[in-house]
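What follows is a group of structures, each given as structure tokens.
Shared between the two complexes below is chain A, which pairs with chain B and chain C, respectively.
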Partner chain A sequence: MKYFRFIWKNVFRKKSRAFLTMASIVLVLVLIVVLSSLLEALDYDTGRTKGAANVVVQHATGLGNFMPLAYRQKIEQVPGVVAVAPQIWFGGIYVDERPQNFFGQLSTDPQVWAIVHDDYSIPDDQLIDRFHWTIGQRIQVRGTYIPGTIDLVLRGVYTGPDESNIFFHNKYLENSFLGRLERTGIFYLRTEAPEKVPGVCDAINKMFENSDAPVKAMPEKQFMLQFTEMMGDVKLLFRSIALTVLFTVVLIVANTMAMSARERVTQIAVIRALGFRRSQVLMLVLSEAIVLALLGGVAGALGSFPFMWGLIGIIKHTPVAMFAYNLKISLATLLTAFTAAVGIGVLAGFVPAIRSSRISIVDGLRRVA
Partner chain B sequence: MADSLICIEHVSKAYRRDSLQIPVLADIDLTIDTGEFIALMGPSGSGKTTLLNLLAGIDTPTKGRITIDRRVISSMRETELARWRADHIGFIFQLYNLIPVLTAFENVELPLLLTRLSRQERQAHVRTALAIVGLSDRADHYPRQLSGGQEQRVAIARAIVADPVILVADEPTGDLDARSAGEILDLLNRLNTEHHKTIVMVTHDPRAAARAHRMLHLDKGVLSVEEPAAALDRSRDGR
Partner chain C sequence: MGIPLKYNLRNLVVRKVSTAMTVLGIALVVTVFLLVMSLAEGVTRTFATSVSSLNVVILRVGAGSDVNSFVSKDQHDAISTLEGLARGDDGQQLESPEQVVLINIPKRDGKRTNVIVRGVEPVAFKIRGDSVRIVEGRMFQTGTAEAIVSTRARDRFPELRLGGTAKAGSERWTIVGIFDAAGSPYDSEVWADLHNVQEQAHRTGGFSTVVARATDTAARDRLIAAIKGDQRIKLDALPESDYFDKQTVTAAPIKILAYFVAIIMAVGASFGAMNTMYAQVSARTREIATMRALGFSRMVILVSFVLESVVLGFLGGLAGAAIAFVAVHLFLTAPTGTNNFASFSEILFNFQLTPALIVSGVVFSLAMGLFGGLFPAARAARLKIINALREA
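Moving on to the complex of A and B:
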């Protein structure tokens, strides 16, 4: 601790250089925190404690195929099942095809919606804020793969883990080809308890395995993961960006530390002459790099909060709004950021510190300061 | 020789530059007693600073033995030598070599960071050292806020703060005007007479050398002439 003032003063020996280097660390730390938080949001966990008891049933071959609505009655008979809501992803266009006008549209059965989504409540704000809707407003959505336009009336607003969708009555699709064929996209169902989920899934899968439309029943989380798995490359891209930027800043800080050490060859020779050992010089120079990186790390971690709040505000008004509800800076992310900061300091400071500790006193003193 | 503080026996030093072996000092024998003030003179490249570095323990001889205060420093390992330097040697450089980001107080405190003294004890030592060199009122000044003479006095305070036995000074007045140089030499004299420091000073300045008890002359690595400083002083004054 008695060396701290010496270390601190040397860190800010060239103030503008120290602040610019810190700024580069701050930017990297903000980027790492944001990307890590995005990765966590992409690894979609609905955050619904009650969602653990939910099961989603889809066609065994994928979401592009549909199942007979008649399955509903059979599924309702499976022991452990509380309620079943047939749902269809409408995928319609609201106003126009611009991304900012995109939102999810799911038909459902209002009789059981509240049971299946019992952690949702009414009212809310997200889509209302986004489109300045009011209760009673007419919302026209033009179908894409389901032809026709549905004319909805906004009756209520919910809050929940994902507020980026609207739900409408299945009756609106009765006259569509799916309605006429008595088909649905998925069954969203609630079981009695999370422990019942594996048994219910097995029972449903077996029930329809030899039918014309075999199904795949899975826990809600697994269903959601299907979508984020499609973004596998995006995650790889995020990780690659984070690592590249991290490596770049290590080089920047290493260069700063090397310049700082080179400029102080005489100073280092003097303190060695005064009796400082090689190991002490090594620790002093390394500590300077770590202090610099930690200061940048703290500033970066603090700076990432307002940045993240702004980002969430923006994402909430985009087609990927669902991620905004999972986007938060976790303690694990902050720890990762601090570890990265210390790592930057150690990696960047190590070579200059070793070099400084090896400076010959005689050669160092011979240089004109 | 038994009572000598510094005993240099058959010391040679050569540097390697690529495949070349460059001899700097040849078979030097020298003893310095406790409390002596030695001036080391000679032309540039004669080996004065090398000899100073050897007896200060920041360089090692190619041959021979250096014993200081009954300890053979020429065979010490580097870590041991660093500790020994911290305890026994005070350095005074031509260009002062103060740390620019530290105040005068912090610069003087630097050698004490290597000791086990408490913060209060360190502060007391630093205040004493600054008082000895007459710079108590400049403790909070940075080197850039001091004159050359004041910087050198801070450097001297740093050299004496850990109470070493020996002060080694490499052209301590080489970068100063005549008046400041005189003040520094007065201070060194005082440290020698009042505080009983053994001083070895490299200088080109005969006036500075005249302050010493003994003047050693090095030429091409050979300690060739040894004459009393007073004689040089007389020759300088034309008496």
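Moving on to the complex of A and C:
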């Protein structure tokens, strides 16, 4: 610690250089924080504890296919199942096709739905903030694959892990235009305990194996992951970008440190002549790089927040708008970024530090800068 | 001008290591930018490759894609009576009812995604002209559970190889042929016999879509108006090119990401270049002063130092473009995919590193060099000759 002043002075020996290097680190950290937050949002982990006991059943061919609603009674018989809620994705258009007007509209059976989703409560909902809706508001949604327009009245709001949907009664779809409802998109069910989930899934899959409409039952989390897996190779892309970015900044910082070390050959020779050991010189130069990186790290972590808000604003206007609402900077991400900053410092400072420690006193003192 | 210029450029060679590091930094930024942009370009190009400007896609009103659409048998019958439909060599009208089903199958990495199975009649191939043709194996036989897949789909899904079986739920199709759809969105699909697809998917009430070929552009526009206006039909119709064009929004998130990453990294890399140039200016103070004393003006020094930095950027740009070129042509040749938001299925495409993109990457690197060199060069130009010569 007693050398801290010395290190600090050396870091800011050339103010513009220190500033520029830190600025590059800040930018890179912002990028890394944003990319990892995007990855996290894609991974969809609501942190729900109760969701672990939930199972989703869909048509084995894929989500675009409907199953007979009569399966419900059979699924209810499976040991371990507490409640089964059918759910239909209406997939309609609100106002127009712009992505920022996109939200899910799900038709379900409210009594059972409330049992399956007992971690949801009423009220308050992000959609309310988004569209400035009020209770009693009429919401008209034009159907896409289900013909017709649904004309809903907003009666209540809820809070829960996922607040990006509106719900309405299956009976409404039935009465207005679908006729008697015989098919459904998915069944959302609650089992007694998370340990029951694998058994229930197997039982349900076996039950309809040889029917016209075989099904695929899976834990809720796996169901949600389907959607992000469909994003394709985006995740790999993010990871490779993050790695390249890190590598680039190590190059930039290492270059700066090397330049600064080269200019200070005489200074280092002097302190060696004063009795500093090689290992001390090594530590001093390395610490400089780390201090620089840490300063950049703190600034970068703080600086990433406004960037994130800006990006969320932009994403809301793209087809992936729904991810914008899951985007946030988590503590884990900040820690990762911080570790990355220290790593940048160590990696970038290493070569210049070793080189400085090897300077011979005589050569160093003789040299005219 | 000759001497300062030569002096600056030779300096790049003298400090090999720091030049190389700065160039590499800029090169990597250009590489990342080019790779992400060529990804977006791949998506855009796929949707822009429409088969024929005379083709019309007919959908249910409000359906964004054929996956969401439904056309009843009566509506189809009415469509076939409309005027303006082209005829094939054998006199058959060129309108093709098609049934689209999504199947969820595993990719090479084991993760699952949705793939379109398109049930078609032989006329579908005539409407697509020569752009959908068999390159391996043979055509599926009518009335059987045989299917053909695109080369891209074969490369991406292990089950979709020649002789393999596409299976999802109770549906099964044996792959007997591989087709090439000239880089159009059909290159992401599996094609099979119309009636077999309807039967296996339990959708015998109608079709997903009807694709029709008009005799000419004027007839196409009249045909579209008739489909929208006819009381028996009342469907939505649009040229095939417009239909696919609407789906290019799929590339929007990738493009936003590319610009976001590129801009942040570019500023970072120009800071790196700036650092190098500042260090150079202060290390070469005396040399600069000597040149000024010899009579070279401030302006000449400024331009010459900016050029040094721009050359640095240019070298980085060339290196970055070269890395991206090698990456795209050696390592990223396999088709890649992302979710097509309109059809809820995967759209397959290849990285497209176009000459225009390469030029934009190099221009981008020149900008980084310019920005990085401007302030240090200004400092060099402002040096006071007397002070500088006296220094050290």
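Brief remarks on what is shown
In this text, the second predicted complex is superposed on the first by the 329 of 369 C-alpha atoms of A that agree within 3 Å, B and C clash if a C-alpha of one lies under 4 Å from a C-alpha of the other, contacts with A are read in each partner's own complex, and residues count from 1 in each chain.
Keep this in mind: a residue touches a chain if its C-beta (ideal position, glycine included) is under 8 Å from a C-beta of that chain, and two chains touch if they have at least 3 such contacts.
Keep in mind that what you see is a predicted model, and the values were worked out from it rather than measured.
Applying the stated contact rule after C-alpha superposition, one finds that A:Asn255 touches chain C and leaves chain B untouched.
Looking at the shared chain after the overlay, A:Phe6 reaches chain B, while chain C stays out of its contact range. In the overlay built on the shared chain, the residue A:Val346 is in contact with neither chain B nor chain C. Of the two partner chains placed around the shared chain by superposition, chain C is the only one that A:Val30 touches, whereas chain B remains out of contact. When the two complexes are overlaid on their common chain A, residue A:Leu365 makes contact with chain B while staying clear of chain C. With both structures placed on the common chain, the touch criterion links A:Gly275 to chain B but leaves chain C unconnected.
Of the two partner chains, chain B is the only one that A:Thr266 touches; chain C does not reach it.
More residues of chain A lie in contact with C than with the other chain of the pair chain B and chain C.
According to the touch criterion, the shared surface of chain A, contacted by chain B in one complex and chain C in the other, consists of residues 368-369.
Across the complex, chain C is touched by residues 14, 16-17, 20-21, 23-24, 27-28, 30-31, 34, 59-65, 91, 93, 97, 99, 142-145, 147, 211-214, 216, 226, 229-234, 237, 241, 244-245, 247-249, 251-252, 254-256, 258-259, 263, 311, 314-315, 318-320, 368-369 of chain A. Of all the residues in chain C, the ones that touch chain A in their complex are 17-18, 21-22, 24-25, 28-29, 31-32, 36, 39, 60, 62-64, 67-70, 101-104, 111-114, 168-171, 201-202, 249-250, 252-254, 256-257, 260-261, 264-265, 267-269, 271-272, 274-276, 278-279, 283, 336-339, 341, 344, 346, 392.
Across the complex, chain A meets chain B through its residues 2-3, 5-6, 9-10, 12-13, 266-267, 270-279, 361-362, 365, 368-369. Of all the residues in chain B, the ones that touch chain A in their complex are 53, 56, 58-59, 78-79, 82-83, 85-87, 91, 93, 95, 97, 99-102, 106, 110-111, 113-114, 119, 158.
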